[in-house]
Amino acid sequence: MGEVALSTTTTVQVRFSEVDSMQVVWHGVYVRYFEDGREAFGRTYPGIGYMDFYHNGYTAPIVDLQVQYIAPLTVNDTATVETRYIASDAAKLCFEYTVRRDRDGAVVARGSSMQVFVEAGGEMSLNTPAFYEAWKQKWLKR
Amino acid sequence: MGEVALSTTTTVQVRFSEVDSMQVVWHGVYVRYFEDGREAFGRTYPGIGYMDFYHNGYTAPIVDLQVQYIAPLTVNDTATVETRYIASDAAKLCFEYTVRRDRDGAVVARGSSMQVFVEAGGEMSLNTPAFYEAWKQKWLKR
Amino acid sequence: MGEVALSTTTTVQVRFSEVDSMQVVWHGVYVRYFEDGREAFGRTYPGIGYMDFYHNGYTAPIVDLQVQYIAPLTVNDTATVETRYIASDAAKLCFEYTVRRDRDGAVVARGSSMQVFVEAGGEMSLNTPAFYEAWKQKWLKR
Amino acid sequence: MGEVALSTTTTVQVRFSEVDSMQVVWHGVYVRYFEDGREAFGRTYPGIGYMDFYHNGYTAPIVDLQVQYIAPLTVNDTATVETRYIASDAAKLCFEYTVRRDRDGAVVARGSSMQVFVEAGGEMSLNTPAFYEAWKQKWLKR
């Protein structure tokens, strides 16, 4: 039994309000696109969405975010966000992202995020929460 | 004893990310400016901020919002938001707003908002909550 | 020949970042949803999108925006935005919006917007621009 | 003559709409705070703001963004953004950021950004643009 690579893709439509005065999507908007990707991932592999954390007594704040910008998106563009789960033995939740412009397939951005698990009292969990371990067993080990 | 007109002003600095591809502040941003105005009002006349509602067992959602756009704001502009409390006997919280461009004093937008009081169970309150009545007594009747 | 009522619907997925600390979609987000609706309308009835205005030497700024909030949207909700074109002989572009929550069909918000046509020099056009008149002929008179 | 370390600080007021359903400022908002910091830096050391790039025939898009999140900000918090210019011989513009919570001085986030210079034709400039070299001479070499 090996580890399965999990990933999903989702499409985002550039909104007029996301385009800045230089006629390209403002760089901060990609944080939303990554979140769209993460949420789509959570719908495909249920159990690790914001509300799942919450119902299990945890929050899972982002502690590290990295974005590399390669090419622009502009008005009327659609883009495809590929979200890849990066397996780890640590009590962390790591994703990598690739955003491609649909009109020509060009990669416009890459990035990564890391989340940790925080208990209701505000303490960071050093051990993998049981619900996340169960999720891993279900989806990763086949 | 008459009713006192309550108002405050606060300054907003246009952010680069708030300017759209037509080189003017995107119209939806003014909703934030109004909220900045409302929050500034709440700091000057404490007792009716979001957290005050919450601690008294209420939320106070916006039920009506109106904006008239008269002139544009652009990159590097600052503007002054005047927020006026509109007294009413109903269980409502009403404000009017005027946004002026600082470089020439031109009125760039006007607007209004209306909030109602919703109890923890989700029911809209038809009577003025006690904490709001107390706030009125303190600030309006002099 | 009568006037044809033009409308479109589009679906919006609530983003985690759109939900405020009261657990509901922040009221300013609906301005984006209305714009999503307007853009979807423009894709169905091409010729009156932001870029069409621009290429014809005009901008079409929003001059009036009204929103009535009736019920909340929350995390994981999807909603359907119905955008209706309101015909007028004036040099204006008017839309009405109805936002329905998909899980139960409840109307969560209604609203309207009015745009005028501004020429490159910054003057508001009192006459209907030719490209908009042509659009009206194509889509409204059947 | 040595290189002078340039930095500025600016205060940000957390907006209600920036706080997410977990009661903390949504992580994407820090991109705005960094931009607030960069704009404040540009007002203190004029010549390298978005409009300066533009008037010299360049844009300076962000190509790399990194954020580490250490502690939360919440409703009613104010924070101080320290923005430090990182000198480099390459045709790049690099900043580092530290965001501190005003109520207790705690560092809530750190980050960095890198911008390159793109000419009107869309080509990335490998050489330092003259206006940026002049800015460096003025502010860095004392």
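So that you can tell them apart, the chains are marked A, B, C and D in the order they are listed, and the count of residues begins at 1 in each.
Simple rule for what comes next: a contact is a pair of C-beta atoms (placed from the backbone, for glycine too) under 8 Å apart; a residue touches a chain by one contact, two chains touch by 3 or more.
Computed from a predicted structure; not experimentally measured.
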Between the pairs B-C and A-B, the one where more C-beta pairs touch: B-C
Taking each chain's C-alpha mean as its centre, the one farthest from chain A: B
Distance from chain D to chain B - Cα centre to Cα centre, in angstrom: 30
Approximate Å spacing (C-alpha centroids) for the pair chain B, chain C: 24
Inter-centroid spacing, chain B versus chain A (mean Cα positions, whole Å): 35
Residue list for chain B, restricted to those that touch at least two other chains: 16-17, 21, 28, 32, 35, 50, 75
Chain A to chain D touching residues, read off their complex: 21-22, 24, 27-28, 31-32, 35, 50, 54, 59, 61-70, 72
Residues of chain A touching chain B in the complex: 16-17, 19-21, 23, 26, 28, 75
For the chain A and chain C complex, residues of the former touching the latter: 13, 15-17, 32, 35-36, 39, 49-51, 75-76
